[in-house]
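These are the structures in question, set out in turn.
Presented sequentially are two complexes of chain A, the first with chain B as partner and the second with chain C.
Right, the complex of A and B next:
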């Protein structure tokens, strides 16, 4: 029975949150890796693109809520997602036209594009704060739990409860659908294939008559969709606050690099690797240890490797290890 | 490498702007802007060494600046004897044990042959080291933080004059830069950017959470000053007499005297660094750096060790940023970890370098002053602008209130637009590289 309790505690505090967080990171890292593969630079504005997408969705959600529309147990934000995606897509396409296109035509060095993306980040950050402010915004509605901790305890008779929040389930389901759709698109449609060809060898792709501007535009639209979905899912799970999206930049980049920049599969693996490491290393294992170990060995402290304030240090450490030992990432991305 | 008439006119224009603030608002404000301008100029010089000389993209300026601030605390604050007695020695032993673990792990990795045994040995050393480190460290920290937490709860500093902390701050930043450079240089340029972004976040997290080091979010206040206090000047009969002879009231005169004293100190540092930077840039070393920046492959073919040179200039530039950080904490008289915002410290310094002219030290200084002035001034200007826009709207309408509330974020937008416009239309900046 104690062993079961330990497993449930581990599920509740480590595995379920890590799966949700990993899905969010994976979606974010997919966006970064797509930009890297097609446009060949690290997009520092990605965190703030996510914030903008989430903001646009929140505004649409408020509109729907004011109109009395709701999805019952599901959060209304899901209904507002297309609006958010459309707004974000318009924003990034406009940014591309106004800003990035010039440097692409010049064939500027990637590092110049990175600096430019930093400027874009500045503007988007200002825009988000200007429109919605810097405060926390709660926009999750509908049922809070699929199974609450108390129901679970009553159902199973265990001491430990396993709470599964609606936001978690939605995150995993939506992320799964997105990833499946993206891979289907990249592998089975003509446009997707032309994108992969462009990413693999730009010159050959141009030679075979692929229109580069079209590929770039489609990439931006997909990235806008991924960023918005990632931003909204993160917001539903943990609340929306513009500054946290900037801080997500580090784990997202770490995920993309660990998986191998330019490799979509790597981005997903990287996202989950970073999320699981972060949650495991910052979780206090005292509870689990008390169940599993005999009484004599019971731990005195919290058995926490690192306090939660240092969760950035975890993604950073993984990043450093990968850079030192395998700079192309686990899935052999294109960057060295 | 001399200044052209145009450059001198540009400098005159910027100082004219600051002087205009003095004439129309108050000299106190103008000198405040000037002092922070001096510090910003030094930060911009540091980033210019990395970006302008060598093409290295450092997104962690904030971290190096904060390390400089930590240096100021560690050097200048009086030590807390009770805290040292409670756990100082134990803490130092713990830190040494931690460092020894890492060195041992690295040596094992280097010395042992490739294979499973090596990985296992390294992991074993790390795990054992971590257990020893935590068992020593946790107790020491608890003991230190229990010593009078309302006023101290930390080890304190060395109690030395605060000016000494400036080079120390630079050295701390240089140490951090060495660690980052070792891992991320020699790989793609973007990797350095991401690694520096990470280290900056971690430095701030350490400052916020390690209370034994610099009191964390409880802040260290009342750092000793290298210049006299206003209140002492006001009590000094000589000074009161002199102030009367200038025809100024004592409070204003004392504030301005203190600010002028700071300005003199900062200006000395700025001139020293500028002279050194100019000499370096025009030496064979500087030409080599620029050659590496412009064509790494060719420079490598000429027998230059690109990664080593990059590491060198990266450490130098970060040290200058650390120095500026220590100076800024000295000027503020306090270390407030939560005040370190990446947009304010990292990206604003980048805007300074790009707008001023990357690769040109005078450009970096001009950018430092100009952008700092704009950063301070955009807010009142934005308020006026929003005031004009909203003048026609009905009082109490939500849009009007919202717009008025949001003026504070105008400057992020403005700075972003300034950066993008300069990069697009005048990528070489106001004073281009020659």
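Right, the complex of A and C next:
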């Protein structure tokens, strides 16, 4: 019984949250890795692109909510997603036309584009705060739990409860659908294959008649969709606040680099690796240990390796280790 | 620099008049840098194999890239089937029926063999399955490896993928930049055999080769370049027989 309780506690506090967080990071890292593969620079504005997408979706959600539209137990935000994606796609396409295209024509070095993307990041950052403000925004509605901790305890008779929130389930399902759709697109459509070809060997892609501007535009639209979805899922799960999206940049980049920049599969693996590391290292294992260990060995402290305040240190440490020992990442992406 | 002339030159010049593809008296270099080519002429007739040979730094690859529009010509012109294409970009020349296999990075390493072929045919909107089958008939090993990533293949097989990719546009001219660089002598003979087969289908072939002797053996026409100009131009056989060419460029 104690062992079961320990497993349930571990599921409830570590595995379920890490899976949800990992899905969000994976979607974010996919966007970063696509930009790196096709446009060949690290897009620092990605976190704020996510914030913009989430903001646009929130505004549309409020509109729907005011109009009395609802999805029943599901959050209305899902219905507003297409609006958010369209707005974000327009924003990034306009940014590309106004800013990045100029540097592309000059064949600017990647490091210059990175700095340019930081400028774009500050502009987007300001834009989001200007429109929606710096505070927390609530937009989640519908049923809060699929299974609440109390229901679970009553159902199983265990002391520990396992709460599964609607946002968690939606995150995992939507992320799964997105990833499957993206991989299908990249591997089975003419346009998707031309994107992979362009990422693989730009000169040869040009020789084969692949239109670079079209590839770039399609990439931005896909990235806008991924960023918006990732941003909205994160907002549904943990609440929307512009600043947190800026902070998400570090774990997202860590995920993309750990997996191997330019490798979509690597971005997903990296996302989950970073999420699980972050959650396990900052979780206080006292409760689980109390169930599993004999009374004499019961821990005095919290058995927490690192305070949650330091969670970003985890991604940073993993990032440094990977760059030192395996710069191309787990899935042999491009060296940075 | 003036072009060296030898007695056989006039006969070749006559044939160049009706060449299918000709880079005529080309002068130019990369970007705004110094000229690399000095009045260099390269031509190939329909269904023939023309080979460019010469010492290192003679401008062999440059001459071919000039024909393909990858550098700006200050003088001279490029004509394809009588049409002046000097001002066209390489991409436009692909659409006109020219295909180019670069020396390095000439395949999509992360994509499968079949996807490489599909990308070669990207400009085509019609059914490409017939052409894919033709490529597989020409290079049977590629049929067995169609689902494998092209980057995992051996050097010779990669060159076959590269040539196959270029053939997917159903070109009238195939240009090869050192197709046998870094492959074993056996694979080289095999590749040359395949190239002869391609020429027999009516496709003109222009290639740059380091392995001058073997390349001239299969060449209908050979161009020996020195310092960006034509040093000797003749049929492959005549060049191989020329004691001067043998002594200076073929090592005796």
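The definition used in the following text is that the second predicted complex is superposed on the first by the 335 of 336 C-alpha atoms of A that agree within 3 Å, B and C clash if a C-alpha of one lies under 4 Å from a C-alpha of the other, contacts with A are read in each partner's own complex, and residues count from 1 in each chain.
As a convention for this text, contacts are C-beta pairs under 8 Å (C-beta built on N, C-alpha and C of every residue); 3 or more make two chains touch, one makes a residue touch a chain.
Computed from a predicted structure; not experimentally measured.
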| request: Using the touch definition from the top, say if A:203 reaches chain B (first), chain C (second), both or neither. | output: second
| query | Touching A:194, do we find chain B (first), chain C (second), both, or neither? | reply | second
| said: Which partner chains sit in contact with A:99 here, chain B, chain C, both or neither? Use first/second/both/neither. | reply: first
| Which one hits more chain A residues, chain B or chain C? | B
| task | Mind working out whether A:250 is in touch with chain B, chain C, both or neither, as first, second, both or neither? | result | first
| In the superposed arrangement, does A:180 touch chain B (first), chain C (second), both or neither? | neither
| query | Which bits of chain A are touching chain B when the two form their complex? | reply | 41-42, 44, 99, 102, 110-112, 114-116, 118-127, 129-131, 133-134, 246-247, 249-250, 253-254, 257, 301, 305, 307, 309-310, 312-313, 315-316, 319-320, 323-324, 327, 335-336
| task | Write out the stretch or stretches of chain A touching chain C in their complex. | result | 190, 193-194, 196-197, 199-201, 203-210
| query | Okay, in this complex, where on chain C does chain A touch? | reply | 90-91, 94-95, 100, 102, 105-111, 115, 118-120, 122-123, 165, 169
| request: Could you please specify the touching residues of chain B with respect to chain A in the complex? | output: 55, 57, 59, 130, 138, 183-184, 187-191, 193-195, 197-199, 201-202, 205, 208-209, 342-343, 347, 350, 354, 405-406, 409-417, 419-420, 423-424
